[in-house]
Structures are given as structure tokens and as C-alpha cells.
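Two complexes come next, and they have one chain in common, subunit A, joined by subunit B in the first and subunit C in the second.
For the complex of A and B:
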């Protein structure tokens, strides 16, 4: 997978989280995975289709989703309810929109699907015939992983 | 002691959400995200604006506007929504009321749609992520 696809997501995730959470964001080492990967508990998934195709997953555990949503809503939330889901959806929306703007500027043309939120325990994601690149971020509310699997359309 | 004349009147700024005669500006929020609706609503309410309606898609937004008219001063309009997008809803609102004050709320990367909306009669736009300063600045500039 070409690194040009990844950098815009990494940069956007960094700057949007820094802005909406008003905090320091630390990026861990990124790694590639070919096999199935576990999903932590709350994941927003956005599909891409055009010159490139694939999907981006914003993955975190339940507690992190609740804590992030609490900060973004400026109120203490306690469970994965509709507001938490709407908040994480919006976070994914903002990061993806900024990343896609950068990719469009680089000349890539593709459309996005609206984010869908997946919640549950012991889930895995498998992408056939495409590697996933995982970028871990640490924020005071917990760990957020951006998991990108994109390939050029043949 | 005449405290009022002894101290600077730093607390006497009138809130942004109230017009010259002390009436709250009435706002309709059209957005499919519960999070964004709540965020806009909190920012505007804290400045004295009155949220008189919310709608979760363009069709409902146009209906609500017609229902509330002429007792509505401003609309915040999301762009990407189910059933009917924000630009189409804007066009229908402007067709119904050419003086409608509509502010578009957009994610980054929708410059073409924002431009289309401004040409179709939107008075201003706000790019997400939203913050208090950005929202109030744009909304107030439209009302004044």
C-alpha cells in the first residue's frame, strides 16, 4: 500500500483530535497487517471507492469512546448511547473529510460512504487481498487506532 | 455607595443572541447528526438565541421553515443529509422566502457545494469542527 494514501489520514486524525479534544495527541509506531485484526469494541467504518478503493476504520474501546464523547459534548456521558454513536460518527466524518481533501489535492478521485458505527466484543476485521496499515494514537481518553486498507483499483 | 459608577461595566455586554429591542433571535437547526445539533444548540443558547426548531434532513428542514415562517430569524443548514441535501433544501427555502437567512454548516472538502450554496442565496458558512467563536462570529455577521 502506498504511503501517500495513509499520510493524509494520519495528519488529519492528529490535527482533528488535537482540536476537538483540546489536548496533546501522541502517535505510536505504525504497522502493517495482512491477517485478521481484532476490533476493540467501538469502530466507525468509512468506505472509499474511485481511483482507490477500500475502507478506513476508526477503532477504540467502549470506555475511550465514552470519554472522547464526553469531552466533545462537554458533559459526562456514561454509556454507548445514540449521542455517543453520533459523536464518534462525527469525529470520523471530520477526520475523513479533511484527509480526503488532501488526497483530492494530490489528484486522487474517489467517493466516500457515510460512516457506520459497529459495536460489540470479540470482533475481527479481515480484508482479503489487501494489507491493512494501523496507526495507533494515544490521547488522555485512551487509545484510538486508525486502520486503513486501501488499494488502487485495477 | 454608587458601585455602578465606580466600576467599569464589563458585564453589561448584551448577549449576541438578542436583538436591539431585547428579543431573542429565533433559530432553526437542520442537521442529521444529533451531536452537531446539540453542539450548535448549546453554543447559541448560551448567548441568548432561542432554538425554535430542529430538523434531521432537508425535507423536514423545508417543512419546518414554512411552518415557522415568519417567526424564524436564522437557519443553520448541514450539507450532507439523507432524503434531501442541504443545498437543495436551501434553494427551496430561498424560493419560498427570498430574505431567508441561511448559514451552511459543512465538513472540509465541500468547497464546490459551499460555493453553490452561496450562489443560491446562503448568507455565510461554517466549516466543521465547530467551535464557539467560529459559530457566533458567522451567525452574528449574518444577523447584523
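For the complex of A and C:
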């Protein structure tokens, strides 16, 4: 993955989560992975197109999704309902959009697709022929992993 | 569905079995095979030598030994089991396991003491009657741990004063005579092979410590160098009265000091650019693609680009520099040089800034720096040249081979691969060796 792409995603994820959750956010070490990776339970996916092709996945377990949505909506939510799904989708949209804005400032042209949300147990994600960058974040509500798999359009 | 449940149950049972460690054994090797003895029988382990010879004893009795005031008899288990035993030098210490039997203590000499392994006694399986090397009545079972199979010896059966002892001694006599026959080899030949084994062993330890301290993996890629280096190293350390073995990262660094290719972590000098430029392959199209894995901070990648600009300026050059060290590779696109350290050949491609010199943007646009792990190899666009100096040696051996295969698959015909100056391709199928002038280079056939 091209090094210029990495920081915009890390920075915008950090600053947006810090802002909307109004709390401390700790980032773990970045690493690369290619084989299938388990998905924790709630995953929002945003497609990227333009100079590159690929996708960004925001992954957390159900409990974390409910807790984060509760904070963002300022009300206590208890199950994965439409509001939770919409909230997590919005979070994914905000982070990706800010990253793409930063990339645009650096001279890279990226387009976004509308986010989709996937929920369920025992899921895995596999990207053929492209390495995924994993950015793990720790917030008081739980663990959020941002999984970026993009490559240059050849 | 039923199947799934039983599978899970089986797994759980297995996990439970693994977790209940109730049998520990001291493991050791004899003639390259792994054995274990019940730790409850072991009093201690030690290195010992200079045993006092006892005349007219069985050949497997090495003599007696003074263990802090207690006289114990010492038995060479290799001779006892009719295994090849290396001759040890006068003052050399050997590995000894001291076992406690019902009424006496005895020392047994083995090749090498390994470690303590804990297993579940349920996982010990009875010996198979086909075991050839060692008489089956001395084996209490066989256990697997961490993909190694250990033969568990029954110490009481071997050395105990049970009624079988007479029998076992008489069967030993046969083996003793065969051992003596082995001994009749010419003395000189054995000495030569012994000293070679000794240095092989020393070198083996060095190789292992290089993995520990520097993640440097020896394989046929660098074996020739590591052997050559060892004789030099041995001489230096021996003359300075220092330990041959690498005791820390500093030692490992000084061992590898002469391994690295010229201009590691700096811009290549004009001489090196000139030498290497003769290896640039001729291409028919207008594009020239280069892959530079392990680019680190980017010095090498910028050097390659400058070399190509000098000698192939008419082509569309594209270089992929990749590294799995994010901190290094992230700083590569904005790398700043002090003017005094930049050879003149680079000046025409660089601009002066407030803090130092940088490459022009038109140059940087030709390089794509990537955060990438060679573990996850991807398919590339077709490559004309791959420059991977001193990278393979720091990958695990199976990964080295995978990387070489991917390079072969992705290079165009007549494409060129450059390795580190002390690295060689282990297998030339598909390649033509064009190394010369201290550069390891290969052309795809």
C-alpha cells in the first residue's frame, strides 16, 4: 500500500472518533495482512474508486457498535436496530470522507461509494491479490479496527 | 449440524488433554534422535569430563566421577545403545544426566541435553515393536510434543538391578565388539572429521544466534559467505582471546559487518552506478518497471532512479520501492539530504531547500513508495528489473524461496535480478548467472 495513503486514514479515524465520542482514543500498531481475516460482528464497508480501487472496512463487535451509537445519539440503545446501523454507517462515512479530502489535498483523486453495513457472526473478509492495512483503535466502548485494502489502478 | 457439534467437542477434549500436563521429562538427543527420561528420576544435569577409568569394566562404562564427594559410576548411553559416539577431546566436557535409582546414583552421558518437556501422561503411547535402535524393553513409551517425537526411556529397566540385568549385559557385549570395530578406523581421518564437526557445530550455533539477534536466516542464498566469514571470524576472535560465539546484538552486528553491499543506507557512489548500469536490460517497449523491495528510507530507490535517468532517460521509468518498516518507508518520499553528502552525479536531479537537498518532484513522481510485507506477495505488473540487495537473507528460508519464485514469475524475459553482493540464487533453473565485478546479477532466460 502506497505510504502516502496511510496517514490520512489513520489521522481522520483518530480525530473523528475522538470528536464524536468525546473521549481518549488509543491507536495500536499498524500491520499488514493478506489472508482471510475474521470480522468481529458489525462491519461498515465503503468502496473507493478513482486513482485506486479498493475498500475500507470498519469493524467492531455488536456491543461496541451499540455503545458507540448510544454515545453518538445521546440515548441508551440496547440492540442492533436501524438507528445503530445508521449511526455506524455515518461514522464510517465521516472518517472515509475526511481521509479522502486529505488525500485530495495531496493530489490523489479518490471517489467514494455509499457505505453498506454487514452484521452477523462468524464472518470473514478476503481480498484477492491485495494487502490489507489494519489500524486497530481502542476506545472505552471497545475495539474498532479499520481495515484498508486499496491498490493502484493499473 | 451434528458433525459440527462433535467436532467442537473433540477439539475441546483435545484442548483439555493438552492442558493437563502431569508428566515431565528431561529430553536429550542421541545420534540425532530425541529421547526423554522421567524428570522424577533425574537428580541433576551437568557438564563433566575427565572420568576416572575403571579397568576391566564393560565398554559402555566410562569410569567413575566424583560428584561433590559422592563417587558415581558414569555410563555412556550411546555406546550402551550401540549408537555412534563422538570421541571427545582430553579436556572437553560432556553432557551428563545424573539419575537417581532405587539404591544408587548413576551418571549417563548423552550427545546433548535439550530441555524439560511437559506432556499429559495420557498422550504417551506404548512403544512399537519395530523400534530398531534400542531394545524395546528399555522404552516405556513414545510421546509427541511440538511436532517432535520423544522416545521415553525407562531408567529403572536399563540400570536397575532387576533380573534382566544379566541378560542386558550379555547383549551389550555384542554391541561392544561392534563399537570396537568402528574404532579401528584410521586415527587421522577421525581427527580431521572431529575438528570439522566441531567447527560445524560452532557455526551452527552462530547461525542460530544470527536468527535470534538479527533475524538473519542462513540458507543456500548466503551459505558460501557465512562459511568464508566464519574462518575469518574464528581467527580474529581466537587471536583476541574472545568467545567464538555471538553473545549479543553487538557481536552479531560485527559478524555481519562485511555482509552488507556497498552503499547500504546511503546514495550510491558514481563508481557503483557505473558498474551496475552495465546490468540494465535492453527493453523493446517504452516502459521500464523496477521493483526495489526492502528500500528502507529510500536511498537505494533514489540511487536506482538516478542511474536509470542517466542511462535510460528515453524510457518511462516506474520504480516501486517497498518496505515493511512503516517508519522508514513513510519518511522516504520526503527524504532530505545534506548537500555535502550528495555525490555530484545526483545534483542535476535535485533541488535546494531550506533544510537540505531533495529530489525534484518530477523524479519523485516516478517512484511509488509502498508499505508492504513480503509475506503477502501480490502479483505485479511485468517487471524489467528487480533490485533486492541484502533482503532475502533476512527472510525465513521458505519465504526466501517464495520471493525468488514470484520475482521469476513477474520478470519479463531477459529481465535482470540484482542481489546483495554476498547473496547467490540457490537454484539457477530459469536464470542465467551474469554476476561479475562484485555484483550478484541474474538474467531471466
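The working rule: the second predicted complex is superposed on the first by the 154 of 154 C-alpha atoms of A that agree within 3 Å, B and C clash if a C-alpha of one lies under 4 Å from a C-alpha of the other, contacts with A are read in each partner's own complex, and residues count from 1 in each chain.
Following the convention adopted for this analysis, a contact is a pair of C-beta atoms (placed from the backbone, for glycine too) under 8 Å apart; a residue touches a chain by one contact, two chains touch by 3 or more.
These figures come from a predicted structure and were not determined experimentally.
Engineer: Both complexes share subunit A, so when I overlay them there, do subunit B and subunit C fit or clash?
Structural biologist: Subunit B and subunit C fit side by side in the superposed model.
Engineer: Is A:113 contacted by the first partner subunit B, the second partner subunit C, both or neither?
Structural biologist: neither
Engineer: Quick check for you: in the superposed arrangement, does A:3 touch first (subunit B), second (subunit C), both or neither?
Structural biologist: second
Engineer: After the superposition on A, what does A:152 contact: first (subunit B), second (subunit C), both or neither?
Structural biologist: Second partner only.
Engineer: Going by the contact rule set out at the top, does A:131 touch subunit B (first), subunit C (second), both, or neither?
Structural biologist: Once the two structures are laid over each other on A, A:131 reaches subunit C alone.
Engineer: For A:23, using the defined touch cut-off, is the partner it touches subunit B, subunit C, both, or neither? Pick first, second, both or neither.
Structural biologist: neither
Engineer: Would you check which partner chain A:72 touches, where first means subunit B only, second means subunit C only, and both and neither mean what they say?
Structural biologist: first
Engineer: Could you tell me if A:90 is touching subunit B, subunit C, both of them or neither one (first, second, both, neither)?
Structural biologist: A:90 sits against subunit B, while subunit C stays out of touch.
Engineer: A:33 in the overlay: touching subunit B, subunit C, both, or neither? Say first, second, both or neither.
Structural biologist: second
Engineer: Subunit B to subunit C: minimum CA distance in the overlay, Å?
Structural biologist: 24 Å.
Engineer: Can you check the complex and tell me which residues of subunit A touch subunit C?
Structural biologist: Touching subunit C from subunit A are residues 1-4, 6-7, 30-35, 129-131, 133, 151-152, 154.
Engineer: Using the touch definition from the top, list the residues of subunit B that touch subunit A in their complex.
Structural biologist: Its residues touching subunit A are 33-36, 38-39, 42, 80, 107-110, 128-129.
Engineer: Please output the residues of subunit C touching subunit A within their complex, sorted ascending.
Structural biologist: Contact set of subunit C toward subunit A: 324, 326, 329-330, 332-333, 368-373, 375-376, 378-379, 381.
Engineer: Touching residues of subunit A toward subunit B in the complex: what are they?
Structural biologist: The contact residues of subunit A facing subunit B are 16, 19-20, 69, 72-74, 82-83, 86-87, 89-90, 93-94, 97-98, 100-101, 104, 114.
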